[in-house]
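Submitted below is the structure of interest, expressed as structure tokens.
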Amino acid sequence: MTDQDSMAKINQFRDERHWRQFHNEKDLAISISLEASELLELFQWKTSAEAKQKPERLKEELADVLIYAYMLADNLDLDIDEIIAAKLAKNAKKYPVATSHDLKETKHHSFD
Amino acid sequence: MTDQDSMAKINQFRDERHWRQFHNEKDLAISISLEASELLELFQWKTSAEAKQKPERLKEELADVLIYAYMLADNLDLDIDEIIAAKLAKNAKKYPVATSHDLKETKHHSFD
Amino acid sequence: MTDQDSMAKINQFRDERHWRQFHNEKDLAISISLEASELLELFQWKTSAEAKQKPERLKEELADVLIYAYMLADNLDLDIDEIIAAKLAKNAKKYPVATSHDLKETKHHSFD
Amino acid sequence: MTDQDSMAKINQFRDERHWRQFHNEKDLAISISLEASELLELFQWKTSAEAKQKPERLKEELADVLIYAYMLADNLDLDIDEIIAAKLAKNAKKYPVATSHDLKETKHHSFD
């Protein structure tokens, strides 16, 4: 990325508005969950194909999930790329490549 | 970032396991919501300060939210940084800096 | 019902354990949301038909949603049957019978 | 209850509108989760005391959670009072009265 990165933009957004004082971690976690529901609502009573007919809303709600997730990461002094890499490494141990191709085994995979 | 970026790592993870066939967008949206709940569970019956005493779990659950959010973005051909920037621009119109400093106005801000 | 009703049983359960002191309304609302996710998790990557093959888990997770919803109603001095009747009356105005039979109109119904 | 009970009213509501055809169990579980989030949203950035200043909205959102939970119970041929009683009995084994009074043990109780 050559431009200012997402985390910096998000922090600038909340700092310009003096909002960090409200952003305790519990309410940020609530906010992530609420935005995830607004995203999920676009799929209520629909198939994936039907829901994808509203790409603008999908884009916005997914962005809101990410924005709050980035804010919580920043509050907790976490690096996005580092925590993703660490969790992928842990998930890889739970689901080794060699034994995770079979439908019955993997269809219902869940990260802990 | 000089190393392989997060999106590439996430896609490699699911492609090595042939999981993309299961990753329809509706179930990915469900997964984001479920992981957001697992994150929120770490705050159940607790203050933010109490919850932060388990940083390892917070790190992992937040990473799972991000991993599924990135997967859905990839399925929808969306660029993470672009959708964040576009949504911040929209939120900025809803909450102009000049009028968003006051507690009464801004405490209960919500992105649409 | 001839036996002690559900609300009385739920209150007895928490009072015997002296738990009401922890049951502030915000955390009860969080708990309802978490239990709703545990219920939803039984449908992750599955069709309804597949999920119904685990009736025991469905029964338990649905019961947990109800138990926390009843607790919150009790904390707020609300009568379950009254608030359901009042909301149905409101929903009925939003979706009149005469105009709510058509697929296009009603498939994506949502209560406010 | 001397009047028509809640379950009967809820079923009448959806049957008059011919909505049962849309009410597959997976989307009902999604709906419960979405309504739980709308309820939780009333607590976002607030204390319990602040949120209780909007009793009308709390009443309505809690009712929506209950309405969808009752619909799913009906779809699955489950009796509300029975599944609550069965789950309370199971929870009682996990948290025996005699050992569940202590703050450290019980504050972070969670039903499975």
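Lettered A, B, C and D in written order, each chain numbered from 1.
Following the convention adopted for this analysis, a contact is a pair of C-beta atoms (placed from the backbone, for glycine too) under 8 Å apart; a residue touches a chain by one contact, two chains touch by 3 or more.
All values derive from a computational prediction rather than experimental measurement.
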B-C or C-D - the one linked by more C-beta pairs in contact: C-D
Inter-centroid spacing, chain C versus chain B (mean Cα positions, whole Å): 26
Approximate Å spacing (C-alpha centroids) for the pair chain C, chain D: 2
Multi-partner residues of chain C (at least 2 other chains): 22, 30, 33-34, 37, 40-41, 43-46, 107, 109
Arrangement of touching chains [line / ring / star / complete / other]: complete
Contact footprint of chain C on chain A as seen in their complex: 30, 33, 41, 44-46, 107-110
Contacting residues of chain C [partner chain B, same complex]: 22, 27, 30-31, 33-34, 37-38, 40-41, 43-45
Chain C-facing residues of chain D, complex: 1, 3, 5-6, 9-10, 13, 16-19, 22, 24-26, 29-30, 32-33, 35-37, 39-40, 42-43, 46-48, 51-52, 55, 58-60, 62-67, 69-70, 72-73, 76, 78, 80-81, 83-88, 90-92, 95, 97, 100-101, 106-107, 109-112
